[in-house]
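The same chain A turns up in both complexes below, where it pairs with chain B and then with chain C.
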Partner chain A sequence: MAQEPQTAQGSVAAPATRANWARNLFVETPPGASFPYGETRLPRNQGVLWHFGILAAVSLSLMMLTGVFLAMNYVVGVDPFATIQYLMRDVSYGWLIRLMHMAGASIFFIVAYVNLARGIYYGTYKAPRARIWQLGLVTLILMQITAYTGYLLPWGQMSYWSTLALAWTLGGIPFVGHGVVRWILGGDTLGAATLTHFYTFHILFAFAVVGAVYVHIRAIRENGPSNRDGVEAVAAEDVLPFHPYYTVRAGLAVLVFLILCSVVVFFIPYTFEHAANFLPADPLVVPSNIVPQWYLLPFYAITRCAQNSFIALVLVLAAWAVLFALPWLDTSATRSARYRPIFRPAFWAFIVLVILLGWAGAHPTTTGWLLLDRLFTLLYFVFFLIVLPLIGAIETPTPLPVPASPRLGGPASGAWPSVTTLPGTRGLETS
Partner chain B sequence: MAGPAPETVATGAAAAAHHEDHPGPRRDFLKMTLGASLVVGLGTAIWPFLDTMDPSKNLMARTAVSVDLAAIPVGSGITVIWQGKPILVRHRSPAEITAMANVDILQLRDRASDLSRVKTGHPEWIVVYGTCGPDGCVATGNQPSDNRGKWGGWVCPCTGSEYDVSGRVRSGPAKQNLGVPPYDFVSATKITIG
Partner chain C sequence: MRRFSRTLFAVLALGGVSLLAANQTARAADPQRWSFEGPLGTFDRASLQRGFQVYQQACAACHALSHLRYGDLEGIGLSDHQAAAVAANAMVPGGYDSNGLAVLRPGIASDFFHDPWPNPQAARAASNGAYPVDLALITRQRQGGADYVYRLLTGYGDAPPGAAMFNNRNWNDAFPGNQIAMANPLRAGQMTFADGTKATVPEMSHDVATFLAWASDPSLEERRITGVQVILFLAFLTLLTYLLKRRIWTGLPRD
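Moving on, here comes the complex of A and B:
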């Protein structure tokens, strides 16, 4: 499906020189007549949310950079909780590097989840871009494994107990589950071996994320960039050169993003941290309520529906499977929710549902919360397996804009604006 | 399309060419400002990262180390660790004190009087850094049974340099005397290094 030659924007082996590497990163001009210029363009009707790909790349770079310097100062295995105090107090700027990494993980996931939701709303996972979507999901899974293994390293109470709680699900693998968990943890419970294992996994999976992101970006380049109208760009009027229009816009987005990140790191760095993690891990004292990192909570809630770890594992794998199958579960031929009157409210209901799922996952499994857990999990699968195909069948999309027409990013009057009057480009063409 | 013909739309190569053709002073100024900001900003931002690799503050903290001198017999010395570095503390005999005071300073490679290397009123105690070579070698000679060299002080096992019992270099490749760390007498039998 991803290979359908719907557009002429297939992979073209153009000689990549140092000068045009940035342009070639996204789209190579197809050899067809529809793109008469020999340089990289992006659809002019991409919205602000399309910056979240770049922002995710910036987040990842910062995580790798801070991670390298943290790895130089982290002492594995002796007294991990004291190591964090050493990092925060004794290492020069250790507090900065550590808080950037700690808050940065949450920021990275916020950006990645916005990127994911953007894909759902604008239907960018549909042909010919199913591969981009699925590679994005692979990246997300690798990110979650990286975050899961990294969260143990501070060796706080919540690190310890949420690691155990999530490892329980892996024990649901038939026949070998218990052995697999023992093998990963290096023991029947968490110890020095678990710490060295997870420290190594954390670094290995971080590099796996970098690799997955590279393949994800390659897929965007090969299948063409999406846009908010879900209409393929076919004419010169539909696109703008990557440079300077998108470099400048993305540069501004990165600046705003870095300012917001700085506010988090310098003023509210512990926003995403659970209070119990300021206590050293104690294998004999269970916290009253085990809460994994917020970005794992919806999936954690799904695993908690079942008392049996095998069923829990099946449920969470199914939750991922429906995401991977989304390009086929969403049967509508129209991509963007801008032209899908029924899908639009359904999308927002789904977003609320996922937040509710995470909210339920953050509470103890008393009878009431367990009921809500199961209800929200049921609705999650109902959305993908029943609501989405149904909407595709009964919905009448509003008319799509015709490519190369004023509706595609142009003003309602029908006149194309000159480049200088486009939003965000004022002043670019005048010296 | 009711608008102007595509030719008037500055896209693609036309736009790029247009943009290159007008290198006015305003654009130059903006480019230079941006470049300077990037250099200064990135340079500032990279410093905290590099600084994390410097010695950590707990190592560098001038935490005082107390040494009880009462347990050191005359003619012997001990080695203590201060800020991760070895410090030699030696109890000198009256003969050694006299010999050190009578050394002709002009003959020394690194000229220093014995008085300048001990605390006033405590000539029997000499406290010096034990690091004697560029590779972090620690001088031997604390125990009477150790090789103390021709001048009876310390010997550097790596370079072969010999020091007198005031810690001054007397032979071998070394150019400088063993340094004197900051320390003070808390009582007659107790010093605090740092």
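Moving on, here comes the complex of A and C:
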């Protein structure tokens, strides 16, 4: 761990504290000695929002696990809609794995979007962590492809028509667009071939997400963990060992998260579903309003701005490009919005804007909504290309806390023992 | 503790009685009070069984209930013998005899509900061109769910003067466009319920809507009970983990 934050060796005498049996139990016998729990240090000033990484990993694990069981029972055949009903009604606990997977997709995206917004608010994408941010975006793109292909599999009305509507965005690729769409769908419209293709893509991209998440986590370990103040945790006073402090805290966060997930899965599992998707897909009946899954809505709204599918494709690629370029578009040297008085309200305005964009995208393309679509899309690009660089130039950040100061989560007064002298951390000194 | 449980029992019993009393009078009210609404609601078995009777006698001639098997009727409180008897009343395709002719046989519990139509064209031909929708998922497919089914079945009436009606269409307040191909399927007193409940139109509509809500989501009760168990388990584990977390983090100088 060459890039791990520097930790000073213990210079403060160990305070006399009573034996902490819980800490000793877990540190003396760490589960899985091959993972360097004890050596890893995390900043003390990581807030609650830093748990969303592990929550996303838990969501992904649950999606993979339930996905395996669904794949065992799903029949890629002539009546995929009936297959889902067979799962819901006849397969033992089929309803459980199916609802976990169905609601789990939305939960996974909520967690991933909070993780993304956290990165923007605290400016954790700035050097040296631009790579972490971009790998996270790659993960998100793969997640969206996985979710998009998976949504077709229940073969409901909304599955069918939103898949068709979004697929033809790719028809905007110059010269080869039509061929590409035909190749992906297995025809000009959706049919049995499309279902086989999308079933394969869904599983393939799910594993791609796992791979991307692995690389994302490796990048976090190599570039060091971020924190809410955006000040590198260089002093021994500012960090704590990953184990047992953060393992138990993350464990608590995961349990609270699982309780919230259970509320959704067991009591309000259909919250994120359209009523139309409980009708079997009918290629001859177009729903009055085609709406993709909520987590694709902001991007869907952007593609709808243009009648020309080439321009629509350019717009949505540009929307992703500005996210990838965010570490350079944000010109401020200060990372965290906590110390950026102008960026802070701008950030919240941006969040509201993205929600408005999704809201507009959920409505039919009548003149009024189309106008709003275009207005919000314009503002989206204005935020990234004009507002952000401008704020960096005119803003005066408030003073940052210095290392080892109370504002980084340390004690209000007096000496704070360094990591190596904390009770119960015997044998954790880095060599 | 004993006093507490006695009080709890009294409160629950009173609540149950008042709910029963409310059920007797609230059928015609809008919006309906459903036995299965709320996070811990369960299907009223008596209502489900009456609703099944309404489906059999008023709906099944035209509307399929696909994906459901006769054995599933144990979910509405029938015994396995009763469910098998319902199945045996239906004749289902039974393969071919030794002369190669298609034969019918009495149904068994694992058979799917009888589809009244051989194909959609036959259904349309017999129904003034309108397709009688499959009811298996109707309360999921329509905005409003069981409330919509209830409003539709009680929404028949005379067309307002001046309304231009299409041929073979009936006025219905709840149906989008107000002109529905299905004639009013319910008349007061058209069937006799074994439990003595009076077969009024609101009563039959309420019961069949309850039955169709069950048919759309037969695992609802198991889902909610499992949910309570899972959440109680997780809550206990969370409490233990919270105590462990507090124990581990104490002793650290903080604030």
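The rule is short, and it goes like this: the second predicted complex is superposed on the first by the 372 of 431 C-alpha atoms of A that agree within 3 Å, B and C clash if a C-alpha of one lies under 4 Å from a C-alpha of the other, contacts with A are read in each partner's own complex, and residues count from 1 in each chain.
The rule is simple: contacts are C-beta pairs under 8 Å (C-beta built on N, C-alpha and C of every residue); 3 or more make two chains touch, one makes a residue touch a chain.
Worth saying up front: this structure is predicted, and the values here are computed from it rather than measured.
Enquirer: I'd like to know which partner A:R89 touches here: chain B for first, chain C for second, both or neither.
Expert: Both partners, chain B and chain C.
Enquirer: Between chain B and chain C, whom does A:N308 touch in the aligned arrangement: first, second, both, or neither?
Expert: Neither chain B nor chain C is touched by A:N308.
Enquirer: Answer with first, second, both or neither: which of chain B and chain C does A:R249 touch in the superposed model?
Expert: In the superposition, A:R249 contacts chain C only.
Enquirer: So, does A:T367 touch the first partner chain B, the second partner chain C, both, or neither?
Expert: neither
Enquirer: Using the touch definition from the top, say if A:F266 reaches chain B (first), chain C (second), both or neither.
Expert: second
Enquirer: Can A:M72 be said to touch chain B (first), chain C (second), both, or neither?
Expert: Once the two structures are laid over each other on A, A:M72 reaches chain B alone.
Enquirer: Is A:A236 in contact with chain B, with chain C, with both, or with neither (first, second, both, neither)?
Expert: Only chain B; A:A236 stays clear of chain C.
Enquirer: Could you look at A:S288 and tell me whether it touches chain B, chain C, both or neither (first, second, both, neither)?
Expert: The answer is neither, since A:S288 touches no partner chain.
Enquirer: After lining up the shared chain so the two structures overlap, which partner does A:T396 touch, if you call chain B first and chain C second: first, second, both or neither?
Expert: Neither partner.
Enquirer: Could you pull out which residues of chain A sit against chain B in one structure and against chain C in the other?
Expert: Common interface on chain A, chain B vs chain C: 86, 89-90, 96, 240, 244, 410, 414, 416.
Enquirer: What does chain B use to touch chain A in their complex?
Expert: Listed in rising order, the residues are 1-4, 6, 8-13, 15-16, 18-19, 22-27, 48-49, 51-54, 56-59.
Enquirer: In their complex, what parts of chain C are in touch with chain A?
Expert: 39, 66-69, 72, 136-137, 140-143, 216, 218-219, 222-224, 226-228, 230-231, 234-235, 237-238, 241-242, 244-245, 247-255
Enquirer: Which bits of chain A are touching chain B when the two form their complex?
Expert: Residues in contact with chain B: 36-39, 41, 65-66, 69, 72-73, 86, 89-94, 96-97, 236-237, 239-241, 243-244, 405-406, 410, 413-416, 418-420, 428-431.
Enquirer: Which positions of chain A touch chain C when the two form their complex?
Expert: 17-18, 20-23, 26, 82, 85-86, 88-90, 95-96, 99, 240, 244-245, 248-249, 251-252, 255-256, 258-259, 262-263, 265-267, 269-270, 275-276, 278-279, 409-412, 414, 416-417, 422-423
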